[in-house]
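Before anything else, here is the set of structures, which you'll find just below.
Here come two complexes built around chain A, the first alongside chain B, the second alongside chain C.
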Partner chain A sequence: MNTKERVKTFLQENLVLMTIVILVVATALIEPKFLTVANLGNLMNQFGPLSFVALGMTITIIGGYIDLSVAGIVSLSAVFTISMVDVLGQTGALLAGLAAGALMGLLNALVVVSCGALTQAKALFMTYALSAVYSAAALLYTDGATQHMSHLTSPTTLFKGIGSGKAGFIPVSFLLFFVIMFVLHLFLTRTQTGREVQLTGANITATDMVGVPVKKRVALVYVLSGVLSAFGAIVLFSRITTASPLLGANYETNAILAVVVGGTSLAGGRGSVIRTMLGVMLVTLLSNCLNLLGISTYIQSVCKGIILIIAIWIDRRRTK
Partner chain B sequence: MTSKSSSDLILSMKHINKAFPGVKALDDVSLEVRRGVVHGIVGENGAGKSTLMKILSGVYTKDSGTIEFDGQTVEATSPMESLRMGLSIIYQEFSLVNSMTVGENIFLGRFREAGGMKGTHQKAKALLDKIGSSIPTHRLVSELSTSEKQMVEIAKALSFQSKLIIMDEPSSSLTEEELAGLGVIINQLREQGISTIYISHKLDEIFEYCDYVTVMRDGHVIDTRPVAELNRKDMVGMMVGRTIENEYPERPHCVGTPLMQVKNLNTRKLHDISFTLNRGEILGLVGLVGAGRTEIVRAIYGADKVKQKEIRIDGKDVKIVSPQDGKKCGMAFVPEDRKQQGLVLPFSVESNISMASLSNLKNGVFLSKGKERKMAENKISELLIKTSSPQTAVVGLSGGNQQKCILGRWLETGPKILILDEPTRGIDVGAKYEIYLLMKKTVEAGSSIILISSELPEVLNMSNRVLTVADGRITGEFDPEKTSAQEIMNRAIG
Partner chain C sequence: MQVFKRILKEIEKQKALAAILLMLFMMLFFDTRFYTAYNLLDMLNSAAILEMLAFGVTLVIICGGVDFSIGAMMSLSGIITIKLMDYMPLWAAILAAIACGALVGFVNGFFVVQQKTEPFIITLGMGMLLKGIAQQITDAHPVPAKNLAFMKIANSRLIAGIPNLIVIMIVMLIIFYCILRFTSFGRNCYAIGGDYNVASQSGIKAVKIKWATFVICGAMAAFCGVLLSSKLNTGSSIYGDATALSVNCGCVVGGTSFAGGIGGIPQSFIGLLAIQLLENCMNMLGISAYIQQVCEGIIILLILWVDNYAQKRKSEAV
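The block that comes next holds the complex of A and B.
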C-alpha cells in the first residue's frame, strides 16, 4: 500500500473522529463558552436517552435487520413504567419497564421471523407497523393523557438519580451508557454469540447452514433493542419528569442517524457500538454547536438530514 | 504468434499490467485476437483471466499497457462505452431484468432508438431468429431456462453490433443438450465474422469450439497456439505448470459397515427416497439438474421441510429438523451455491474457516483470537489455500481457494458424513485434483461422503457406488467400476 492509499484508508476509517475534532476546534474558537466544564457536563447529559436507543439499533443493524419500532417502545414503556411505580415500588417499576421493552422486542422478532423476513427491507416495514401498534397501545393505556412523576405517591429517587444524578461533573446516565457500551462491545467482538450475530448479519443463509441457530440470534438482537429502548425511555422521562404517550416520536430516525453516521454498515455484519458512540457524539455535538451559534432548529433538522444522506453515501462506497 | 497486419486483428492488448494491494494480478500480459475466430482462454482460477476481461470491458483500469480494439487505441473506458464500441461480455451471472420481457431486455434503455415497443419486439425477434432461437419476445425473462437466458444475452450483444463477444464460463449451468445449442450459435457467430473469446475450465469445450487458445497462469500468458496443435495433456501441463498424469486420483477402496440409513423420505418434490450410506464410502448421486439430488441432501441435513423421513445413524434413530441437528449428528454440508449459501463474503478467511467450530475456540466466555488464528493457519497450510493472510477477505480469493475454505471449515469439525454438492463447479483442474485428494483422504480416515456433481466423469471416477435420481425418485443403483457411463446416464434420464 502506498502513502496515498494509506492516507485515504485512514481518512475513510476515521472520518467521524476527524469531523468531531474539527467541530470541537471550530466551535471553541468561535464560542469560548464551549470548552467550559459546565458545557462539557451538559454535552454528556445530552448523550442521554438517544444513546441507549442507538446502542440497541446498532446491534439490530449489525445483525442484518433494523428496528423502526423503537419509537413505539420508548412511548409505551415510559408510560407503563410510570404507572407501575405506585403499584410495584420504584425498583419493581424499573424492572417491569425493562421487561416490557424486552417483551416488545421479542414480539418484533416473532413477527419478523415467523413471516420469514430474511431481508432488512421486510423487517423495516414490519417493525414500522409494530411501532404504530405500540404507540397506539400507549395512547389507549393512558387515554391520551400525559403521565406526571409529580403525581406519584411512592418515592422516585431511583429515577431522579438515573435521569439527572451526577458523579462529580459526569452525569450518571453517561456512566451507565459507557458501562453498557463496553459490555456490548465485548459481547460483539469477543463472545461466540456475538460473532454469530455478526455472521448472521452478513449472510444469514450461510450462517444457518453451518448450524448456527440464526432465529435465536435474530430474536436476541430485537430483545436487546427493546430493553435498551425501554432504558432510554426511563432516562428520558426521569429527566423531564413527565411521559406523554407520544414521547418516543422520531427516536428511530435519530438512532439510525447516529448508527450510520458512526459508520456501522446498513448492509449488516460490520460495525461497532464504539462507532455508534462517536455517531451519537457527532449528532449531539452538532446540535450543541449549532445551538451555541444561535442557529434555528429548522435549519438544524436540514443539517441532520444532509448528514444522514452523506453517511449512507459513504457507507455504500465503502461496501462496494 | 507470427506477425500479421493489424487489420487482421480485432483486439490487441499489449504489455498490460495490473496490481491489486498485495497481488500482481497481471504481469506484462499481451493478447491478440483475430477477426472471425473463436479464441479460448484457459487457466486456473487466479490466473488473471477475469481481471484481463474486466480491464477490457472497463470495470477495472489498467496500470500500464495499450489496448487496440478494431484498429483504434482504447484508453480509459466504461462498460457502456465498450458496448457501444462493439465489445460485449456475457458473464456467468446474467445481467437480465427478470421482471421484464425478452424484447425489453435486449433493448433495455434504448427503446427510443429501437423505435418504441413495437420496434423493440420486431428487432428483438430478428436478432433471435439470426441465432436460430424461437423464444417469443413477449415472454418474461423470469420464465426462461438458463440456456434461453443465455440466448437473450447473446441477442443483446448482437444488438450492439458487437464485433467481439466475450463469454465467461458460458457452459457452467447448461445441460449437455443446451451446450450443443451453444456450439451452433458460436459457429454462426464465426460465420458472420464476429470474434468470440471463450473462457472456460472445461477443456473439452475448448477443443470443440475454439480455433486458438491462450493459456494463462499466475498473471502471465504462457502461450497462444492454434488449438489443432495441442493435445489435452499439453494444455493441462501449461495451465498448472506441471504435468498432471491423471485428472483423478486412484479411487479409494475403504467401504465398511452401514453408517446411515435413510428411509421413506418424502417431500413435495421427493418420493420414497430410501438408501444406505456405508462407512468410508463415496456415494455419488447422478441426475439431471432439477431431478431432486440437491433436495435429497438438503432434506437429510435438515435444511428443508419434509413430510416424512426416517434416518438412522449408527443404528440409532435420529431426528433432524434443522441444520443444527444435522451438524450435531456429525454431518457437514458444502452447498452448491458457494457465494450465497457457503461463504460470508465480506468476512476474513479466518472467520470463514472458524465459523462451524466457534465453540472449540472458547477461553472461558470469550473466543480466543490466538486459537482462531492457529486453526485458520493449520487449515490454510493443510489445504494449500492461497491467500495473502488469514485476515484477507474471502471475497478476494479465487473460486478454488474459496471452496477450500468451506471444506476446511467442515473438516475442522471432524464430520462423519460429508455432503458435497457440486464441490468442483467453476474450479480449475489443479484445484479440482486437490479436492479429489481431500475427498480420498477423508474417506480413508473413516468418514463417508455423499457426492453430487453435474460432471458425470467426476462422479463415476470418485464414487464407490452411484444412485441415479430422476423426477424426485431413486431410479437405480450401480457400481461405477462395472457399469458403463451410458447405462447410468440412461437410467438418470428416467
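The block that comes next holds the complex of A and C.
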C-alpha cells in the first residue's frame, strides 16, 4: 500500500473525527467564546436528548431495521411522564415513562414483524405511520396544550437532577449517556444476544436458518429504541421544564443524521454506538458553531438536510 | 376459512372503492349537510390539489421509488411564485417555480436512481432542506400575494360553473392516464417497477426513465404548490407538513403498491378520494381534529400493513 492509498483510507475511516477537529479549530479562531468553560458545558448539555435517541436508532440500524417513530415516542412519552408525576410520584413517573417507551417499541415490533416487513425499506413506512399515530395520540392526550413542570404539586427534584444537575462541571445527563453507551457497546460486542442482533442486521434470512430467534431480536431492538427515546424525552423536558405534544418533531431525521454521519452503515450489521457518539458530537458542534456565528436556524436545517443526503450518499458508495 | 380468504382477497383488490361506498352509505343515516351539491363540489375542489400531487407520485411509486419531498416542494414553489411575481410577469414566475420543482426532482433522481440510495431517507432529507429554504425566504411568516390575476387562476369558474381546480385535475388525470397506459414510457415504468434488473437487461433505459419520473413528480409538486398558493392567495412554509405521508399512502390505499409495478392513475385517484371523503365525513360529524388525526394515522397504518402482508403472501406463493 503506497502513501497515497494509506492517506485515502485513513481519511475515509476517520472522516468524522477530522471534520470535528476542523470545525473546532475554525470556530475557535473566528469566535474566541467557543472555547470557554461555559460554552463547553453548554455543548455537553446540548448533547443530551438527541444522544439517547441516536443510541436507540444505532441499535435498530445495526439490527437491519430503522425506527422513524422516535419523534412520536418522544412527544407521547414526554407528555405522559409529566402527567404521571402527580399521580405516581417522580420515581413512579420516570419508570412509567420508560415503560410507555418500551410498550411503544414493542408495538412497533409487533406491527413490523406481523406483516412480514423483512427489509428496512418496508419498516420505514410502517414506523413513519406509527409516528403519526403516536404524535396524534400525544395531541389527543393533552388536548394540544403544553404541559408545564412548574404547575405540578409533587416534587420534581429527580427530573431537575437529570435535566440540569452537574457533577463538577460535567452535566449529569452527559455522564448518564456515557454509562449507557458503554453498557450498550459491551452488549453489542461481548454478549451472545448482541452478536445475534448484529447477525440479524447483516442477513436476516441466513440468521433465521441458523436457528437464531430473529423475531425476538427485532423486538428487542425496537424495545431498546423505544426506551432510549423515552429517556431522551425525559432529559429534554426536564431541561426545558415544559413538554409540548409536538416536542419530538424532527428527532427522527436528526437521529438518523447522527448515526449515518458517525459511520454506522444503513445496510445493517455494521457500526458501533461509539461511532454514533462522534456523529452526535458533530451534529451538536455544527449547530453550536452556526449559532455562535449567528446563522439562522432555518439555514441550519438546510445544512442538516444537505449533510444527511451527502452522508447517505457516501455510505452507499462505501458499501457498494 | 375458504370464504374468509375469498372475502379478504376481494376487499384487498377493491378496498378503496369498498371504503368509499361504505362511507357514502353510512352518511345516509346521519342528518348532516353531507349530501348537498355545495359540499360535494367543495370536497372535490379541495381534494383536487392532493389528487394532482398523487398523479406525479404514482409514476414514482410504480417505478419502485417514493418521494417524501413533495410537501415541502409544494410550499416552496408557492412562495417562489409569489416572491417572483413582483419582478417578472406572472407566467414567467409560475414557470420558474415549476422549473425549480423539476430541478429538485432531478437532484432526487440523481441520488436515488443514479447512485442507488434509499429513496425514503434521501427525499425526507430533501424535504427538510426545502422547508429550511422556504422558512429562510419568508422568515417563517405567511406571504400574501398582491396580484389579483394570480388569485383568479384557482378561484374562478371558467367552464360551466365548475371550479377551475376540478377542470385542471380532470385534464391532468386524462394526461397522466394516457402517459401510463398508452406510451412506451409508461409501459416501461411498470416493467422497471416489476423487476429493475430484468427491465434494464432487456434493453429498457431503466436509469433514465426512473430518473424522469422523479423530475415529473417534482415539477408536478411545484405546479400544485402554485395552485395551492393561488387558491389561498398566500404562500407559507407550513403548508406541506403532513402532505407527503397522506399522498404517498393515499396512492397505496387505492391499490398502487410500494412494491412497484402495480397500480395506476385511476387507482391512486380513488385512493386519495377515499382519504378526502373520510376527512369530510368526520368533519361533517363534528369529530375533533385530534381524534381525526389518530383515526387517519391508524387507517394509514392498517392499509400499509395489508399492503405489506399481501406482498409477503405474493412472494411466498412464488
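The criterion applied here is as follows: the second predicted complex is superposed on the first by the 320 of 320 C-alpha atoms of A that agree within 3 Å, B and C clash if a C-alpha of one lies under 4 Å from a C-alpha of the other, contacts with A are read in each partner's own complex, and residues count from 1 in each chain.
The rule is simple: contacts are C-beta pairs under 8 Å (C-beta built on N, C-alpha and C of every residue); 3 or more make two chains touch, one makes a residue touch a chain.
As the structure is a prediction and not an experimental result, all values here were calculated from the model.
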Partner chain(s) touched by A:A233 [first = chain B, second = chain C, both, neither]: neither
Touched partner set for A:V172, first chain B, second chain C, both or neither: neither
Touched partner set for A:G211, first chain B, second chain C, both or neither: first
Touched partner set for A:N250, first chain B, second chain C, both or neither: second
Chain B versus chain C as contact partner of A:R195, first or second or both or neither: first
Which partner, chain B or chain C, touches more chain A residues: C
Partner chain in contact with A:M104 - chain B first, chain C second, else both or neither: neither
Set intersection of chain A contacts, chain C complex versus chain B complex: none
Touch list for chain B against partner chain A, complex: 21, 303, 322-324, 326-328, 333, 335, 340-347, 351, 355-356, 358-359, 361-362, 365-367, 409
Chain C contact footprint on chain A (complex, rising order): 111, 114-117, 120-122, 124-126, 128-130, 132-133, 135-137, 139-140, 143-144, 250, 253, 256-257, 266, 296, 298-306, 308-309, 312-313, 316-317, 320
Of all residues in chain A, those that touch chain B in their complex: 1, 5, 186, 190-192, 195-196, 198-199, 202-203, 205-213, 267, 269-270, 319
Residues of chain C touching chain A in the complex: 111, 115-118, 120-122, 124-133, 135-136, 140, 242, 245, 249, 258, 290-291, 293-294, 296-298, 300-301, 304-306, 308-309, 311-312
